[in-house]
Amino acid sequence: MTATQPLLSVRNLRLDVSSGVSIVNDISFDVAPGEIVALVGESGSGKTMAARASMRLLPKGIHPGAGQILFNGKDVLTASDEDMRALRGAQIGMIFQEPMVSLNPAMTIGAQLVEGLRLHEKLSVEQALDRAVDMLRRVQINDPEGCLAAFPHQFSGGMRQRIMIASVMLLKPKLLIADEPTTALDTLTQREVIEVMVDLTRSQGTAVLLITHNLGLVSQYAQRMVVLERGKLVETGSVEQVLHHPRETYTRTLIDALPKRFHGRPAIAEAAPLIEARNLAVTFAGAGNMFSAAQPKQAVKGVSLAVRPGEAVAIVGGSGSGKTTFGRALIGLLAHSGGEVLFRGKSMNGADRAQQRDYRLSCQLVFQDPYSSLDPRQKIASIVGEPLRHEPGLSRAQKAERVQEILDEVGLGGFGDRYPHALSGGQRQRVAIARAVIRNPAFVVADEPVSALDMTIQKQVLDLFRRLQARHGFACVFISHDLGAVSSVADRIVVMENGLIVEEGDVDDILDHPTHPYTKALLEAAPTIGVAA
Amino acid sequence: MKRPAPNLLIGGTLVTVVLAMAATALFWTPYDPMALNLRARTLPPSELYWLGTDEFGRDVVSRLLLGASQSLTVAIFTVLLAVAVGTILGLISGYVRGITDRILMVVSDAVLAFPGTLLALGLMVIMGPNTMGIILALGIAYTPSVLRIVRGSVLSAREREYVEASRAIGNSEFYTMIRHVLPNCVAPVVVLATSMFGWVVLAESGLSFLGLGVPPPAPTWGNMLSAARPYLERAPWLGLAPGLCIAFTLLGINLLGDALRDRLDPRMER
Amino acid sequence: QEGNLRIRINADIRSSDPGINRDANSDAVVAHVVEGLVGYKDDATVAPLLAKSVDVSADGLTYTFTLRDGVTFSNGEALTSEDVLFAWDRYTNPESGWRCLPDVNGEGVSHVTDVSAPDASTVVFTLEQPTALFLATLARADCGGTGIYHSSSLDAEGKWVAPIGTGPFTFGEWRTGQFVELKANPNYSALEGARDGYVGDKTPLVETVRFVIVPDDSAAKAALYAGDVDVIPDVNNADVPEFKADERIDLQSVPGMGLTALLFQTQDPLLGDVRIREALRLSLDLSEIADVVSEGQAKPSNSVIPQPSSYFTEVQAQVPARDLEKAKALLAEAGYKGEPITWLTTEFYPQLFSAAILVQAMAQEAGINIQIETLDWATLLDRYTNGTYQAMSFTYSARLDPSLSYDMVSGDKAAQPNKVWDSVEGRDLMAKARVSSDPAERQAIFDQLEGMIRADVPLLVLYSGTRVSAAHAGVEGYATWPVGLPRAWGVSVNSGN
Amino acid sequence: MPALARYIGKRLLWTLPTLLLVSVMVFFMVRLIPGDPVQLILGDQATPSEVAQLTRKLGLDQPIPVQFVLWLGQVAQGDLGNSITNGQPVLPLMLGRFQVTAVIVILAVGLATLIAVPAGLLAAWKQNGRLDIAVVAAATLLMSVPSFWLGLVLLLVFGLKLGWLPVVGFVPFTENFWSALTYIVLPVATLTLIEVGVLTRMVRASAIEVLRLEYVTHARAKGLSERQVLLRHVMPNAFAPTWTMIGLVLGGLLGGAAVLETVFTLPGLGRLLVDAIFARDYPVVQGCLLFTALLYVLVNLIVDLCYPLFDPRVTAS
């Protein structure tokens, strides 16, 4: 234990769901000022809920059942509403796991940033805006001034995440709870963002509770770590000790599950490409609103890529470089403004209905933001089973069986009856994956499919991908920032920057001998756990 | 089991009472609701006549009971008609957009701008004055409102990512519309439908003035209410009785509507 | 003259042009501004108004009007026979659309062949045929009382501006949808004798009269209580008991000249059978209906001739009794088996609606199956005009002479489908009554007609209308009369309300 | 700017078919329903020759399509014709009446919105609590009172019993501001109460949806008070359906609130139209409906133009 008085002290916390089940059971840990504590653990183990409980912002239906959460010695769970409001934002800041849905779609970024600032500090609007711009710049948003007037939907996933982070750190809270803050960020940006956080701890003595799956990050930045499994505390101690000398088997499996370079993949048979982009370009009509002239934004500027059957191509690249946009355009969800897509050798520009339909059904997408891609009014089983509608000749029972099978494979057996809102971030992501692969499509664009998954589950999912590929030979474009994950599934890597491909090649070539400076920088910035994995 | 939500409890009770009233009238009323008693006109409530008598000496209780079934029939069918047609067209209009949307908007604006009085008179010519006529006239008059409300919600809902996800799976536009857009637009429709219920009951009273109402002497709450107008001071119970019936029915239906909406909303913790 | 009298009217006036584009409200307002040669008295007989005297030649073809001396228009100009000719020319010009043109050009009551002005104060009308109704026609309110107006009522192009007349008031501001305001005429010269109908002393006692347009009966009632209007000239029957009970309100009721009646289509397959019509009559308690429908204001009267008429005698006053047994017997005889009879009515006139409800319930007891259909007034009037109905409740506007009353219900159905009674014999009798000016002879004819029409039952008159007015207690001198139109002269308003 | 102007221009162009459709519907419907203006003017004493003469004079003896074409030609030149009943030109008559209606309706809908938004938000915030049930009950009660009753009761209480306000009449604002105000207080109050119910429920329903979203939690995490959360984050996102509703209500009422205008004896557009319908005053009915339709389309155009303000994801195109 640290010598100083802990800033946050969670004692024997239990969280119950209305039905009586506990999702968090008897966990205790401390966070001292100026300290970075990592909270790791399996997806769905209750990390997010424990963090939310510290701000008393539990979703409806989840109640603290026992225990205390002391902030500066005061129990958060019994404080008055008034006191809590004073605490939130200024004292305890929280970066939410799902940045996509955590920004108000109807408010400009500027308004959302300034709002909290002006609430806790006496600042003029100009001063507040200055501070906001400054912070945006620090989290690597280019053109921060222009960004103030834009709405959330006009940003890429990573950009939104950085805006979220900026909005929280702007307030310089005493305790920063960061729930998977960098899942959508490329390694370079990730490093920058974490540096800002570390800066804060140094200059302001801010304590950070960092929830993450990225053990590399943990090993590089955190002092202590807490490991959860299924709502129970497994192990806690200094990072050094836990990572290098894990006491518990669960911790060990977690570390062992770190993705490894997968050597010995069978070479992909030379074949005609399954899907091919030729000079694909995508332009967004306007980032301006309808009262000011719209400025078209070219997000993808002529990208060519061919994917053969059974091949897995990884796209890496900076946040906002156009990966998602390209992925969506590739499977025809987004209209392209130039170039063409060929599927099974036929151009989809002006294809007939049957071809369109084949294309549509054969190409699936795992959305980068799983939460908003799940219909809030449908149960998980129904969401996952929906693509089976297009599988003729399946009986109801067969369908249910398939759904059960795939849910089991992604580790969600028994969750079929839940609604999306009652899942953890990682669980939602797995739902999205299950939905995309249930019909064994010929081609999948997986947009950050494992970003919210802990190492064990991530491994499970990556294994699933590989298995499916081996069994059905589906091709896949795998968009990820996680070079570890990339190295374990991909045959080929494509590096994007600014809407263009800057480098592409074999996994091993790129990882071992990057040529483009940007690629080099990306690789260099990747945090490693510093142990022989 | 958990305690049912208060809105379900109160709403359910009120609606049950009203339905019971309507059902009772089929078998029994204290007096013949149509029988005049010219010696007993506008009597205040008494033991003999619980809620008094109207300007023709007819028993108010009996007429209320019978009126319940008449009013409910008209209201239910009108709302069903308007909601069904309005929702379908609104979905199409908001989802498909383009020329279809424009044409539907042109027609709905035209109907909206059309006064109910004229529409009713016109339909009277076609249908003759009967219950079908009322339902059709009011149904047509209210459909565009539903259409607009649904369209508005659809415009928002169709931009959601789960709608895109449905398309990505390969679902047809039609299926996506029904399965993913529609359920996420129900809240305003439920509100509108339950509110409309009241409007219809009241509008029927206006129509009976034109002869498009339920033909006399059969009572509806609406025409009882409008007939009671000159007696507001002299015999207030004449207006109060149907007025309260309408109010309580509406309250019941609205609360029930809320309960229903909650039920449809998975995020609502019960 | 001081104060402002506010009289409620239920709809805007149509124009200020007498007898042209008019309705009852327009007539009422215009009658305050212009006066005709003759006018009605309270008992609905005709008396000289602008004329000092009227001489009728022995053959009944020449009417000589001598104008009163010293009468000036409100603009100060003296009234001369030229003015009468000017107005008459405009009335009889088909372009103007005078309501009563058919009644002076030979299509209807009379045919005026010549009008001349031998001197400044004499006007002579020459008729083609004698008629008892010529003066009554000139006086008719819906003819604008054939009011004489000054030529400056029209602009240079001959377009109507506003009436400049000799009446007690001048036309002031007309704000459409809100009110019409009249001002006391400083140049008014009163007739001798007490105020009597539209004649007599009509000196204004208030500075202004405002005819306030209040369409809604309940709102009008509230306005009367609140003192926002002073007089409601035509009270809704349903409000009568309430006003009666209130001592702040002065309620007056006189029998009117209009009729509330039930009409049967004698060409209908079912109702064409006189036994069924008779059975219907027997099934109804007519006294009770009249009593209920008029809230006790009207006495039942089953004659086409309205109660206030001097021709309304014992014969007309008979009210047949209800006899259910006989009704049933007649129905059985006619082979009636409960076929539905569609009964048209409207809520526009509440008494018509009430009547239908009562009839339905009473006839039910005799086994007659009536189904009510409510229509808007325009549609009902249309059905009436075209005769396309089985039975309906209807209200007739005032007819001031019995021959006109008979004319209103009787005629050739083929030519005029709105007539309910088509009897050749009856038409002959009516023609006789029209030209005769001997009251005894006319009475005999009307009595005979009464018997005939009662035997044929083409319609059932319930009562001749009542004219009920309500005035605020602070209003002095307001009186209603059988014609029913409001009169603001001779009325004063106590200051302080 | 040019994009917006083009968009508005295009939308305005689309009003033409609406107006044409309304014209055709109205023109033929008023002539097909039974009842004849000539009979109504002449009354029960009319003789066939009188009827024929007046019919000819009013031009109603021509075939209906011919009448329609003639009328359309007139309208194209900005002339809506003259009223059959009183001969006045329709356009100024209508505009005069519209002023009265517009003042009252806009005030009432504005007030109703101002009441409904906080009430609905509060109810949603306390969903299923006592406050919520009370708000829902009050809103429902208000919705179930017919306007003629509510108006009459207010009239009786404030005009008659208390004598605070005049019972009938109207004074234009241009004439005397304060006196004008006394005349419109009751109608505005009545209309506000009538409309507030449905708007409150609409706000409540949408707010309930929004309140559960993540960004609301995020706003709370910033330390915003509940009031700020409701007003800044919930309200704008929950407002879209309410906004549509306001457009509908406004569009409907601007065409006239006949019942209300009758009860309060206001010379408004609604009464003009209803009177004209009952009098079968064809030119006035046609003129009024054309005007109402235009209003409707304009109000809804504004509503549509404002959508992106509440939901920037909805593009105007």
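Each chain gets a letter, A, B, C and D, in the order it is written, and its residues are counted from 1.
The rule is short, and it goes like this: a contact is a pair of C-beta atoms (placed from the backbone, for glycine too) under 8 Å apart; a residue touches a chain by one contact, two chains touch by 3 or more.
Just so it is clear, the structure is predicted and the values come from calculations on it, not from any experiment.
Among the other chains, the CA centroid farthest from that of chain B is the one of A.
Two chain pairs, B-D and C-D, are weighed by contacting C-beta pairs, with B-D ahead.
Think of the whole protein's Cα atoms as having one middle point; the chain whose own Cα middle lies nearest to it is D.
Mean C-alpha position of chain B lies 20 Å from that of chain D. Look at where the CA atoms of chain A average out and do the same for chain C: the two points lie 87 Å apart. One finds 39 Å separating the Cα centroids of chain C and chain D.
Rounded to a whole number, the gap between the C-alpha centres of chain A and chain D is 50 angstrom. In chain C, the residues that reach two or more other chains under the touch definition are 218, 376, 379. Shown for chain D are the residues that touch two or more other chains, namely 33-34, 152, 156, 212, 311, 313. For chain A, the set of residues that touch two or more other chains comprises 60, 421. According to the touch criterion at the top of this document, the contacting chain pairs are A-B, A-D, B-C, B-D, C-D. Only residues 217-218, 236, 238-239, 241-242, 288, 292, 346-347, 350, 353-354, 356-358, 360-362, 371-376, 379 of chain C touch chain B when the two sit together in their complex. Across the complex, chain D meets chain C through its residues 33-36, 39-50, 53-54, 57, 85-88, 93, 96-97, 152, 155-156, 159-160, 163, 166-170, 262-265, 267, 271-272, 275, 278-280.
Chain C meets chain D in the complex at residues 11-15, 21, 23, 94, 97, 99, 101-102, 107-108, 142, 175-179, 212-216, 218-220, 222-223, 225-226, 228-229, 348, 376-379, 381-385, 394, 396-397, 408, 415-416, 418.
Interface residues of chain B facing chain C in the complex, by the touch rule stated above, are 34-36, 38, 41, 55-56, 121, 124, 129, 208-211, 213, 215-217, 229-234. The part of chain A that touches chain D in the complex is made up of residues 52, 55, 57, 59-60, 81, 85-90, 93-94, 96, 98, 101-107, 115-116, 119-120, 151, 153, 164, 167-168, 171, 285, 289-294, 371, 421.
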